[in-house]
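Both of the next two complexes hold chain A, though its partner changes from chain B to chain C.
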Partner chain A sequence: MTPPSPLSRLDLNLLVLLLGAAILWFVPAGMKSYGIYVISFWLVMSIAAMGLNLTLGYAGLKSLAQAAFLGIGAYTTALMTAKGGIAGPVWSWPLAFLASGALTFLAGILLGFPALRVKFHYLAFVTLAFATLMFLIFRNEQWLTGGVYGFPNIPRPTLFGVKLLNDLAFFRFLLVVTLALSVAMWWLLRSPWGRAFMALRENPLRAASLGVNLRSYTLLAFAIGAGYGGFAGALYAPMVEFIDPAPFAISASFVLLLTVVVGGQGYFLGPFLGAAFSYVLPEMLRVTGGYYLLVYAALVLALLLVSPQGLLGLVEKLRERRRVKAAQAMRDASKVMLEARP
Partner chain B sequence: MSARDHLARGAPMLRVENLSKHFGGIRAVDDVTFEVNEGEILGIIGPNGCGKSTLFNCILGQLQPTDGRVTLGGEEITGLFPADLNRRGVSRTFQLLQVFPNLTVRENLILAGQEHVGSMMSRLFGPRDAGLGTAAEKMIGFFNLGHLADSKAGGLSYGQQKLLDAAMAFMAGPRLVLLDEPAGGVNLTMLASLKERLRAINREQGATFVVIEHNMDFVMSLCDRVIVMAEGKVLATGTPDEIRADPAVIEAYLGH
Partner chain C sequence: MDQLLQLVLAGLATGSIYALAAIGFTLVWQTSQTINFAQGEFVMLPAILVLAAVKFLHLPLPAAVLLATGAFLLLFGFGFKKFLVDPMLRHGVLPLAIATMALSILMKEGAKDGFSAEAQQFPSLVPDGAVNLFGATLSLRDIAIFIVAVVAIVLLQLFVTRTRTGRMMQATAQNPDVAKILGIPTEQMILLTFLINAGLAVLASFLISPIYLAKFSNGEVIGTAAFIAAIVGGFNQVRGALLGGFIVGLVDNLAAAYVSSAYRAAVPLALLVLVILFKPEGLLGRKEERTV
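Entry: the complex of A and B
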């Protein structure tokens, strides 16, 4: 038998998601603020990677601009919620969050237009150009973003009249938002839209001949993926309370790409695993001192050599191997029986 | 009731008028005119490179014809995009296998119908199967794919994938289906089953078919009428029996 399709596997994923969220609610209780920061950062980057996983993993559109969307979201939220931002009066965080998502959604549509004309690595270069442009704006337009001096004093959101200054409280708030965004993504992927996105990845020509509007779905895949980058940015800014252009540079877009690939493109839980690999593992490897980059690079190389489909691809491969072995055992058994027959 | 009895039983559904497609100096399709009546099964045969596939691609919007026009039920459809054509009830299969390997058989079928029901919004917030669960189930049963319904399409045998490919073309209840070499690479047992299924759909849904095929037995036993093409032109048109007896056809194609 062939393995179940990614779509039927999605229901199990929701269960894992809910269980994981319940466990994570309690995990950091005894942690110091550094530990809480690391897992908060992991959640934020998981959201950004989830968006890229939709664009790249499900719809098959090569994008190298996810960190730029993260930046747009972060600066939008900073400008809207902090004193001294050009957006005038201080807006509440939920509004800034929605604005960050909406703005990146629109930017994603714009970036999606080239994707209607160019494919594969050509498309990757177009998105790379966009990421470069955004980084230059973050760095050089000092009047807007603070440039290399950064943007300080980004306030934490206020919930039910309580400002989330406590790191644990902010983490739990982050966890709830992450869960909500994950469930929304889960719903999207199991809807007919999700099926159309996958069709876009697997065979656009055939999809078009079945009435799938390639234009709409391509733009949507870009826009929703970018929107998740914007949402992640809106969470990132108040988490760190100070932003500068560095985390939104081209290299950061590459790390997000690595995150999606390492986790497993087109696997729902891939971004969470991948983000743990790209953002948590390096922190843990710090104990190895100067060797940590070396160890990390070796791990990435080894994984991608063994399983180009990432960590979850590796799991599926092992499961497949067990199934093949079982089938072979059955064949061998029946062969003995057949040969025993006169 | 044999397929022959359906001859000329309806009004013209598809009309191709003076269609030409030139690639540089090569006239791949040269002034081709024919029509397909409602409910008819029309076969197009001809040696390799005679322009059959180019003709298909011009009708289906994959290529822009150099000259000529195509009408569907009296309405001009020349040069429309494949997705637009599909939404007007024109469906197709491809010469090479074109299923979605990482979706299950069921998902492939639902995908083939989902863009024809509801709106973009209902496709996001509505039911997961777009309300096509029963229709897909019926199609799975009809093409004897029941035991494979939840397997990935990529894991099916070639013949089974061909059946799925054909089944997908019928999910949206099309008026006109263009089949590009449906029998290519399919074993004899599967071929008989495919032919019988195509006939049944033609009878029950009243769908009109145009079939490009190399397998002569398959074409002659399936089609009401056959067009023979050679070097981009229509060489002969007639019932399978007339075609078999036509000296020009024997010379150009059957004789070898």
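Entry: the complex of A and C
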């Protein structure tokens, strides 16, 4: 029999994270700017999905507003760092980044507090309402956001006096920030807070009887998830340098939710895998013409029918099956040996 | 005053269509805990199917309507339950809800790629026209829509409460285990609710498409309106969904005229949030006891 691995599953996650980051540092060196853009986009959406994974996968709350949080982060950063913004361009990007996270965190608390007071599954509908409202504001308040014409000329951040104009330099900067946010999330999930979030999902009543304050922990999980959406937005805006309301619509929030589920909700690495499925795969499917969303939706449906726990759930299921099979083989073998003995 | 009366009538007409969608949504939720995020697309698709049958199969309109209705009932009444809800429900309510989201994207993109990305004219059952009533000019079409939808809902309500099959359906929704013990074929009853849902969606589709035009993205607006109507009215009541539909239709139309056309979509949502905060069981709903 194989002894239990000395690395617990979460440590393995950290290892994969660090290794992946090290590899990604060098991967795009020879790539064209489009390739770098696709990988950058993948990282940004992974951050947003990571936040939603905390909300959905660990705390079990359905949120249909993650793209709206992404939008709040993106517009906040744009307004604070770009020339056309009302608060810009005096603010540096790190400040805008923190402000985006803080603002979405606060929005998460303000939104979650009343909804969770009533009934847990109503959060989904309240977030749906919020996401619609935010989209309308992004679209209609032209003086603030540029409306459908978009918000142009969002500057790339300057770091230690060096402006990250180069796509590769920006990608590496993005990679470092993604790694930092992922490690923070990894630490959070291992902390007693993370355990409490999981307890909420598994059995809220039991968690409550063990002294976990249901409402504040639920609220916290939701708000931190929203904050990660804001962080992702703060990275998205300088990445594309031009934002318009379309990527922050309701359907974008749906796709983010699908991303988390496809990757495997409640798995630490799920969001990265899911985001690759939802945002990198369609770029590859672009060769099929306008049909990529159709193909994407069909693939998601098929995957969910096979494995509702997503891609990582599928991996675990296969591994489990192999373990059962191995154990069975071992039992059969020992049975033969026992019977052979006189 | 004149304008107000017109707006109220238009609101009641679209509201009664929202009610059709909301009732289907509620029925399916009651019998199989399915939160169908594709409900709006269910209302979008039948009209597209009719137009596609006319365009690609060169059928006359009545034949196309029959074919589309039959195909939709088969695919999204029977097939939806058999091939999506049944296999997914074993894994819980959340994976199923997510799967319906994927289905909604699939239907929307299917309609766009398979038929057209442009809004299409859909023939109206009633000719355009107006009648004068109390000095106000009222659209004939709005009146007809209102009457057709309300008659359908009343018939449904009579079926559910007065017939043997309807009562068996209700029993299945309220307590499937006991219903099974009493010898009610619960599986068939659940299937029946899915067929009724598909039927209501077809009717709603044929009624609303002449107004909104048939377009692949119609589902977003209609779906949201149906959710709001179902929750505002009380999640487990046909009467509630009807009331909710009327309220959403009225609020929507009045908000567009008197508040702001840019933010008309936000007003019903504000109403939803208010109801969730102050009367979470809905206007006509009963308080649910929390079970352990």
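Throughout what follows, the second predicted complex is superposed on the first by the 305 of 342 C-alpha atoms of A that agree within 3 Å, B and C clash if a C-alpha of one lies under 4 Å from a C-alpha of the other, contacts with A are read in each partner's own complex, and residues count from 1 in each chain.
Just so it is clear, a contact is a pair of C-beta atoms (placed from the backbone, for glycine too) under 8 Å apart; a residue touches a chain by one contact, two chains touch by 3 or more.
Because the structure is predicted, anything quoted here is derived from the model rather than measured.
Participant: Between chain B (first) and chain C (second), which does A:133 come into contact with in this model arrangement: first, second, both, or neither?
Facilitator: second
Participant: Where does A:115 make contact in the superposed view: on chain B (first), on chain C (second), on both, or on neither?
Facilitator: second
Participant: Name the contact category of A:25: first (chain B only), second (chain C only), both, or neither.
Facilitator: In the superposition, A:25 touches no partner, neither chain B nor chain C.
Participant: Quick one: classify A:213 as touching chain B (first), chain C (second), both or neither.
Facilitator: First partner only, chain B.
Participant: With the two structures laid over each other on chain A, which partner does A:205 touch: chain B (first), chain C (second), both, or neither?
Facilitator: both
Participant: Go through the superposed model and pick first if A:298 touches only chain B, second if only chain C, both, or neither.
Facilitator: second
Participant: Just which bits of chain A does chain B share with chain C as contact spots?
Facilitator: In chain A, positions 205 sit in both the chain B and chain C interfaces.
Participant: Can you list the residues on chain C that touch chain A in the complex?
Facilitator: Where chain C meets chain A, its residues are 37, 84, 87-88, 91-92, 94-95, 97-99, 101-106, 109-110, 112-113, 220, 224, 227, 231, 262-263, 265-266, 269-270, 272-273, 276-277, 280, 292.
Participant: For chain A, which residues count as touching chain C in their complex?
Facilitator: 60, 62, 114-115, 117-119, 122, 125-126, 128-129, 132-133, 136, 139-140, 205, 250-251, 254-255, 257-258, 261, 290-291, 293-294, 296-298, 300-301, 304-305, 308-309
Participant: For chain B, which residues count as touching chain A in their complex?
Facilitator: For this pair, the touching residues of chain B are 60, 81-83, 86-87, 91-92, 94, 98-104, 107, 110-112, 114-116, 120, 123-126, 128, 130, 150-152, 154-156, 168, 172.
Participant: Can you check the complex and tell me which residues of chain A touch chain B?
Facilitator: It comes out as residues 1-8, 188, 190-193, 195-196, 198-199, 202-203, 205-214, 216, 266.
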